[in-house]
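Let me give you the structure first, and then I'll get to my questions.
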Amino acid sequence: MNPKELIARRVAQEIAPRSLVNLGIGIPTLVSDYLDESLGVFFQAENGAVGMGHRPPEGMTDRHLTDAGGRFVSFVPGASTLDSAFSFGLIRGGHLDLTVLGALQVDEKGHLANWAIPGHYTPGMGGAMDLVTGAKKVIVAMQHTAKGESKIVPECTLPLTSQRQVDLIVTELAVMKPEEDGLHLLERAPNVPVEVIREMTAATLITSGEVPEMQLNACP
Amino acid sequence: MHLAISVEEAVDLIPDGATVMLSGFMGVGVPDGIVHALAGAGKRELTLISNDTARDATGPGPLFAAHCVKKLICSHMGLNTIVQAQFASGELEVELVPQGTLVERIRAAGVGLGGILTPTGVGTKVAEGKEIVTLDGKDFLLEKPLKADFALIAARSCDYVGNLAYMLTATNFNPIMALAAETVICEPEEIVPVGMIPPDLVKTPGVLVDHVIRASA
Amino acid sequence: MNPKELIARRVAQEIAPRSLVNLGIGIPTLVSDYLDESLGVFFQAENGAVGMGHRPPEGMTDRHLTDAGGRFVSFVPGASTLDSAFSFGLIRGGHLDLTVLGALQVDEKGHLANWAIPGHYTPGMGGAMDLVTGAKKVIVAMQHTAKGESKIVPECTLPLTSQRQVDLIVTELAVMKPEEDGLHLLERAPNVPVEVIREMTAATLITSGEVPEMQLNACP
Amino acid sequence: MHLAISVEEAVDLIPDGATVMLSGFMGVGVPDGIVHALAGAGKRELTLISNDTARDATGPGPLFAAHCVKKLICSHMGLNTIVQAQFASGELEVELVPQGTLVERIRAAGVGLGGILTPTGVGTKVAEGKEIVTLDGKDFLLEKPLKADFALIAARSCDYVGNLAYMLTATNFNPIMALAAETVICEPEEIVPVGMIPPDLVKTPGVLVDHVIRASA
């Protein structure tokens, strides 16, 4: 299983039936591929949709129906359109059950940085600050390292996205949860020893007892 | 009732230095005809308020390629290499605003609010220079209304009193920006007779719209 | 001409072509009866409509189409529906060209009171505070006196509706305009001498030169 | 997906002492079935948030006739003689809120704003006890969000995922109140299969709706 698929499969397990979910661009987008459709989950796109579906077949795309990345999508039955104020009303008003986002860095306190590398590249926060501040649950889904450097750090050095602590961090190596006393290592990827995870992680990881392997076989 | 004007006439209304809101999201729901005409006319020193800058040649892209924009207020500019280069060189001044705050600031201007209190941005760079209001132990940023001289918007359908209907995710910022500018100019995909848009489908009442672009012959 | 018709006819002259107008309950409602339909005026109802028309014929009413008083109305071609937030967004955002309201009192400064008589009757302000604060132009249309008492007073004794000064006051006796230096008497009703108006008015009225009669004959 | 429940089951969900938002405007767009059932069940000590109190027997009227309401938050109560009598006798506590402020306070709660600044009410009794914020020389009242335990709303059509469509002026407060309560209960005129309401006509996405009242057999 490639790293991105592993992350997406594990995140998919966190999605509750009938919840409203926003998936960020990149790895988070893949999560919907591993979700049981009978769960009745609605995907929100911050550009103004509840009930986004997959890309339609060639010849059936329409330029009025796109996701937050500007890509063609479809609507599932029961979908609805929102203007931007209503769309962010859902996000900021606590109506979004879950957002899954990528990150440049996450730290031991669960703080997230994902919108600027000062002096190098400043894409802007788009809807990320609203999503992280407003969603009921925030999951970071990202690769554990970038260019060999750990993306999980003692304290973010990049500009923060929110002062709100994220709920869960899922990488191709581990599942981690920020708590009051620090960052807990909850699960490890199949066949990855805890020592390897610690080595690849700049932040201090707290463990209590045996760290179980991710259980991925239940996914569709 | 509302005068349908040509895209050239619309461009003539907009002076150099104007503050212009441009609707759309990643190039979807953008009045592309006006954008190209503005870029072609070589407008200068515009302040542009737009959710994002799409890509080099889509959405507001042509305005940057033609060096029309002095200041940009947006939430995202990561996929437009011209914008990134102009930002890096200092040619382009940029104010980054979280998307939800951006739309609420525009709405606040449109519906007559003096400001709004939002938790988004508290404890981040976005809070710099802004007043913090603490209510019941929780911190909020006081964000101020954002309005423009012109709102350039797109719609699926328009009638001759300026009522607008939008389609699916091409709706995005259009109905909100239509509230918040001195002069609202709409580029619809079609103009239909008055009464053809059912009242419950009108998302922008014509009383908000000043000019409608008619399709070129 | 009865007093209410006179007031409504005079107010109708103030309405600009293609403007958006909100008419309050009572005398203001009558104004639309004296307006040339070719002017293309749109009437707003704060319960959520732009483009209200007259009461439909018997048998053609619908309980989903009512004015702010809960009465059956029709829609003119080009009408649209608004939710309450959008409706008051138009009112408070400065998009309403004119509101015409009744009043319990108006004073020399142009302050209006129309929502409570403490200890006697407190109907509430409904949308009046928003209308008076937000509309581009505010006209008070009311009878000059109530139970023999002038409703135009030196200073309101009833709770104010807004600190915003109204633009014009039209009664069956006079047209008055509050200015910096006080309340100006601009016009008198046909055959009503200035002395009679002064006698019926508790507030001080400023005149400059001859006060012309209202010109009502141009109305439809 | 969303459970369609009976009006009796809906009433059972609402305890004495609850804060209840009730939609409608002068009796139009009100979930009349729930109102009558609540009154019939003899609920007590409710805090009711409603634009107006319509007339004695319409809109929220039956709730006052049955003495269900302890506190009323509204913009207008002039045409309901029972409300006027209960207010005069002191049985009913009333907070009067300008209508535009009422809807913005409800919206603020629904969209996660900490408050809004509005010029409406400055210099009037409405300003008493409220913080005044002065920006650029202009005074505004800081108005706080208003939320409820329950929102009881009406819709023209509803599907089985709870998507709602409204009709004409029966829309009024319904879509806004649907954002601002812990539990949202809708009484639609009809329930239709999923997918039958076009996405652009849905004014309340089903994700906001907890329960839908099915027509009694």
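The letters A, B, C and D name the chains in turn, as written, and every chain counts its residues from 1.
Going forward, a residue touches a chain if its C-beta (ideal position, glycine included) is under 8 Å from a C-beta of that chain, and two chains touch if they have at least 3 such contacts.
Note that the structure is predicted; figures quoted are calculated from it, not measured.
Enquirer: Which pair wins on C-beta contacts, A-B or B-C?
Expert: Of A-B and B-C, it is A-B that has more C-beta pairs in contact.
Enquirer: Distance from the CA centroid of subunit A to that of subunit C, rounded to the nearest Å?
Expert: 55
Enquirer: Nearest whole angstrom, what separates the Cα centre of subunit C from the Cα centre of subunit D?
Expert: 29
Enquirer: What is the distance in Å between the mean C-alpha positions of subunit B and subunit C?
Expert: 35
Enquirer: Using the touch rule from the top of the page, what residues of subunit A touch 2 or more other chains?
Expert: Expected reply: 49, 75, 81-82, 85, 88, 91-92, 134.
Enquirer: Please set out, as single numbers or ranges, the residues of subunit D touching at least two other chains.
Expert: Counting only residues that touch two or more other chains, subunit D contributes 104, 107, 111-113, 118-119, 166-168, 171, 199-200.
Enquirer: Among all the chains shown, which pairs meet the touch rule set out at the top?
Expert: Chain pairs that touch: A-B, A-D, B-C, B-D, C-D.
Enquirer: In their complex, what parts of subunit B are in touch with subunit D?
Expert: Touching subunit D: residues 104, 108, 111-119, 133, 135, 138, 140, 142, 144, 165-168, 171, 199-201 of subunit B.
Enquirer: Using the touch definition from the top, list the residues of subunit B that touch subunit A in their complex.
Expert: 25-29, 51-52, 54, 58, 74-79, 84, 87, 94, 96, 98-101, 103-104, 107, 118-126, 156, 166-176, 203
Enquirer: Which bits of subunit A are touching subunit B when the two form their complex?
Expert: So the residues of subunit A touching subunit B come out as 45-49, 62-70, 75, 81-85, 87-88, 91-92, 115-116, 121-130, 133-134, 159-163.
Enquirer: Which stretch or stretches of subunit B touch subunit C in the complex?
Expert: Per the touch definition, subunit B meets subunit C at residues 1, 107, 109-113, 159-161, 163, 179, 194-195, 197, 199-200, 202, 205-208.
Enquirer: Show me the residue ranges of subunit C that touch subunit B in the complex, using the header's touch definition.
Expert: Subunit C reaches subunit B through residues 18, 20, 40, 42, 49-51, 75, 77-82, 85, 88-95, 134.
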